[in-house]
Amino acid sequence: MIIQFRQPNTEIIGELKEKFERMPKQVFSTETHMAVVGLDHYNFTARESAAISKVIPETPSYVQGSRTFHPKDTIIRLPHTQIGGKNFTLMAGPCSVESEEHVQRMAAVAREGGATVLRGGAFKPRTSPYSFQGLGEKGLRFLREAADENGMDVITEVMDESHVPLVAQYTDVFQIGARNMQNFSLLKAVGKTQIPVALKRGMSGTVDDLLNASEYIASGGNHNIMLIERGIRTFDNKYTRNTFDLAAVPVLQKLTHYPVIVDPSHAVGVWDLVAPMAYAGAASGASGMIVEIHDAPDHAFSDGPQALKPDTYLKMAQHVFDLRRLMDAWEG
Amino acid sequence: MIIQFRQPNTEIIGELKEKFERMPKQVFSTETHMAVVGLDHYNFTARESAAISKVIPETPSYVQGSRTFHPKDTIIRLPHTQIGGKNFTLMAGPCSVESEEHVQRMAAVAREGGATVLRGGAFKPRTSPYSFQGLGEKGLRFLREAADENGMDVITEVMDESHVPLVAQYTDVFQIGARNMQNFSLLKAVGKTQIPVALKRGMSGTVDDLLNASEYIASGGNHNIMLIERGIRTFDNKYTRNTFDLAAVPVLQKLTHYPVIVDPSHAVGVWDLVAPMAYAGAASGASGMIVEIHDAPDHAFSDGPQALKPDTYLKMAQHVFDLRRLMDAWEG
Amino acid sequence: MIIQFRQPNTEIIGELKEKFERMPKQVFSTETHMAVVGLDHYNFTARESAAISKVIPETPSYVQGSRTFHPKDTIIRLPHTQIGGKNFTLMAGPCSVESEEHVQRMAAVAREGGATVLRGGAFKPRTSPYSFQGLGEKGLRFLREAADENGMDVITEVMDESHVPLVAQYTDVFQIGARNMQNFSLLKAVGKTQIPVALKRGMSGTVDDLLNASEYIASGGNHNIMLIERGIRTFDNKYTRNTFDLAAVPVLQKLTHYPVIVDPSHAVGVWDLVAPMAYAGAASGASGMIVEIHDAPDHAFSDGPQALKPDTYLKMAQHVFDLRRLMDAWEG
Amino acid sequence: MIIQFRQPNTEIIGELKEKFERMPKQVFSTETHMAVVGLDHYNFTARESAAISKVIPETPSYVQGSRTFHPKDTIIRLPHTQIGGKNFTLMAGPCSVESEEHVQRMAAVAREGGATVLRGGAFKPRTSPYSFQGLGEKGLRFLREAADENGMDVITEVMDESHVPLVAQYTDVFQIGARNMQNFSLLKAVGKTQIPVALKRGMSGTVDDLLNASEYIASGGNHNIMLIERGIRTFDNKYTRNTFDLAAVPVLQKLTHYPVIVDPSHAVGVWDLVAPMAYAGAASGASGMIVEIHDAPDHAFSDGPQALKPDTYLKMAQHVFDLRRLMDAWEG
């Protein structure tokens, strides 16, 4: 059951919360809303009813992430950027951190294109155990330094509950990869921090699965969550690695208050399709975009075929910002 | 084998064609290219070699539709519009032709938004045999008149080989529906006409399937073909009817010279997702868009939930043209 | 609304039918059941109520095919075999009819393995228009003769409404291919005959789609329908052409009274997987099986890789009948 | 590169291994085979060549799991049963361990049906964080005791790297759930133990993904691996939770030496489809089966709808063993 109050009312909300918790029920509340898990009706007193504007009997399983419980957009504030609301955030960088010098060069390119968040993998989830697994802590350090030198924030993947404290020392945003979307132990671990989390949709994750997975983070107390659409697995994968499900962007925006980011690089997996899909992703209304860049894709340690070369990236980034400026004008 | 000639060379092309056809092999040729089906090498004479700039041993199964055989964009010229090249074509109208008066009203709205092609179904492929199956020839007549009064061209579905001559009397473009993408008899039938054909991708059609299906039309001698991406069937269909595979737009544009059109209405199936997906579709670089409109969606004879009301349509159409003007400027 | 009567009652059923048809509603009836399309409640008189044992308000869209309307298994009687009920029917033969002599040799092998229905394609739906398209009427004649000489019935594909009368002269069962599952014109055409129809599930056809498609046949008056599970299209097609959805067998058996047949050859597309999938298909409870055989698969005109050589087929067939005999004993 | 030796030859194998490791290359060897990762040709000396019967240049990424490197079936020996080879192993039990008394009652039923391995979840991966998450260590203890009292082995899920030592104290087989198929940290952690691991195929895991995931376990030194087919996610999930991909059984058996187990309960998710799919699964040639049972499915803590009641289970189990006895006779 979700209860919407006419206005912030600490007293009534406090009283009701106490009653429901004694039942016992799990209760979540904001200044104006309350959600009671596993309860679908209740006889309110006249005094309570007077304070309430609406009661929705059904609680979505991803209650804290839902717009019914929390109508206002979540805005995530990082040192150099904010994600969500009217802002459009560009995140760029190499797939893997390859060396100190390389990530610095890539950071400068990313920044030049307008990116405010630097991406780069130090722990890499690879299909084969015999492939390059990342530089580990050294990679985190190089990434952090490259971001700092360019006035950027850092996003990097954490693959493992036991790495959470280590990665936390270096990153501004934890990325949870598609393969770990339902690694519930990892979700609970990052949910106990206050570091923003970017949760990627799994290859076969439905929209509901993604929202339920995000609730594992929220249920730990961390509400700084953004969701990333990065393509799903379908029957057609000859010319693209995945199928970019852009309709998930407006669908998620209806259902949840978390910002939605698109990742055209992983969605298509081929560099010359990234730009058109970046334009499409920007036009779909996403709050931001994450792309992979590399100055020598043929020699990249991972995912070379999908990396944009600096020139292509800079042109694409300019077009993406052009598009968003045009779209901002529509709503003015 | 595909042979690319240095320049138009009727003599050599004629001689080679004769030789190959005597083998016997199926041969296709343009002014500058020749395709020989089922042949992967040949010892050319010195004279022949001198005229040839490149030989590609592999022939795609959709040879006439391929860019290797026919590098230049196909442009389809209709009385009031052209499809392909730099042009962006908007097609709009009701799902079904419901009455003379209604389709006229919808045609006026479509035209006001900038559409130059009027859509509307007179023969409807319905999942259940007990659902409304369309007005038949009467519907075709109403549709034609509504288009004529508004200076528009007509696109309408033909479901049946035996209906081809009838529908041909009324339409400017035959639409082949997703369920009939591999109805080879129907494809051959429209392939024997010179009326442009808009071939919709099947729900489980791969990009290659779509191109091979188009080849059934081309092999009959009709090269006025456009392809429509309208969403594919995937595991996630709770919030959208299909998954809009926008990456198929640039993929198809690499592989084929036929114009690619997007259909956001059928892709998502829910009206309030149509506008963001129309923007995304326009941004993906498609040559045009087809959308469904209705002034009273709740009373539509078919597919009401995905129809845009006139106001929403007009605003969306303006934004779509804005987007395309911006994108045109990029290439200038 | 589906009405179940206590016992056959021509009088009451006739009266009710007349009332409902005057509404006007579409009505279907058997000796003991009546379905009224688009009606979900009705105030029956006391006399009517006394004759009725149960009223189900919801009518499935595939009403005539549903078990709620028609609880008893449909049994299809062919000259040499019956399909459905306790019987297990084996259908075998080459993918394409290649020559008079070849199909006769294959028919003898098929018969030796216990098949009572001979399959073979005379009109072939091929992905590419440049592939072998079948022998046409000549193929039909060869197939018919081969079946007659071996005391077998014939199943062969009809791809085209205009071919229905021709194919009808030669076959005992019309096969509708997966690509034509929703070719509604073709379905209506075979629905106007009384020749049994084997309807294949489309590559992306849901169970409901298949049942709705079958209703197009039934709505024409032809109730001799069987359904074929032949694999669906999914994300994993590296080692098998399709994903064999064997759970569809018991699912369909709950929902419909039509016999369900499995086609392991098309499901997997690789001969050495056919036998294990044939055993699995038999064990799933299907009413029959259709398999492709060829004595020289490398030279087959179509689908060679999935054809069983005679030896493998004969061993497989024996095992399949063994399995079914064991399973028959379970129910005894 | 995979090298097959004419016969066990410790000397030559030792010498070659040293050479390749100095390159440096990662080398795996058995008595008769050697795999060198990332090497596709080598000039062998005459003496080496004499000892070698075959060189396969390509190494599958899941090299240790592949039949080319390790042709013989892996057989896993547990205290009360063996998995793989000619044996057919039945594993049964409740979805969740619910109480000491309940798991004991279910263990007795499982054993009566012929199961030699008891399943039961103490840590449950649930879609929602607000659902029952399992009894934890107490559940492990109850499960172990119930197995011991009935002379059975234990299989239970481990969800978390940090739980590996705890679960190791109680279980005979670690189960890795579908959602964790690519949780590489967890795979590495169980790979460092010698406790057998049952790896479930992910909802969108291809056959190759599953084999690559198993290689993460093998690369840690643990070769006691079995693979579980439990249904994949496809477009059709109205009547079944997943699509049971039974062709994966013979496909995996060609590619790998690890035993393949089927899980009809999770594949279909509805109890009355479990028995036909269990028969199909047994007939497909799997090495074993895992099913869920419950005496009061309506009150089960999790997955009640797919649990078999004791009577249904006992009848199904008898039929499954009947089928396998028949199939054993085929090969005799």
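Letters A, B, C and D name the chains as they come in the text, with residue numbers starting at 1 for each one.
Heads up, the rule we're going with is that contacts are C-beta pairs under 8 Å (C-beta built on N, C-alpha and C of every residue); 3 or more make two chains touch, one makes a residue touch a chain.
Fair warning: this is a prediction, and the values are worked out from it, not measured in the lab.
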item: Any chain in contact with chain C as well as chain D; value: A, B
item: Between the pairs A-D and B-D, the one where more C-beta pairs touch; value: A-D
item: Centroid distance [mean C-alpha coordinates] between chain D and chain A, Å; value: 34
item: Centre-to-centre distance between chain B and chain A (centres being mean Cα positions), rounded to whole Å; value: 36
item: Distance between the centres, which are taken as Cα means, of chain D and chain B, whole angstrom; value: 48
item: For chain D, residues contacting two or more additional chains; value: 204, 233-235
item: Chain B contact footprint on chain C (complex, rising order); value: 26, 37-38, 61-63, 125-130, 159-162, 179-180, 182-186, 188, 202-204, 209, 212, 215-216, 219, 233
item: For the chain A and chain C complex, residues of the former touching the latter; value: 204, 233-235, 237
item: For the chain C and chain D complex, residues of the former touching the latter; value: 204, 206-208, 232, 234-236, 238-240, 243-251, 254-255, 267-268, 272-273, 276-277, 279-285, 319, 322-323, 326-327, 330
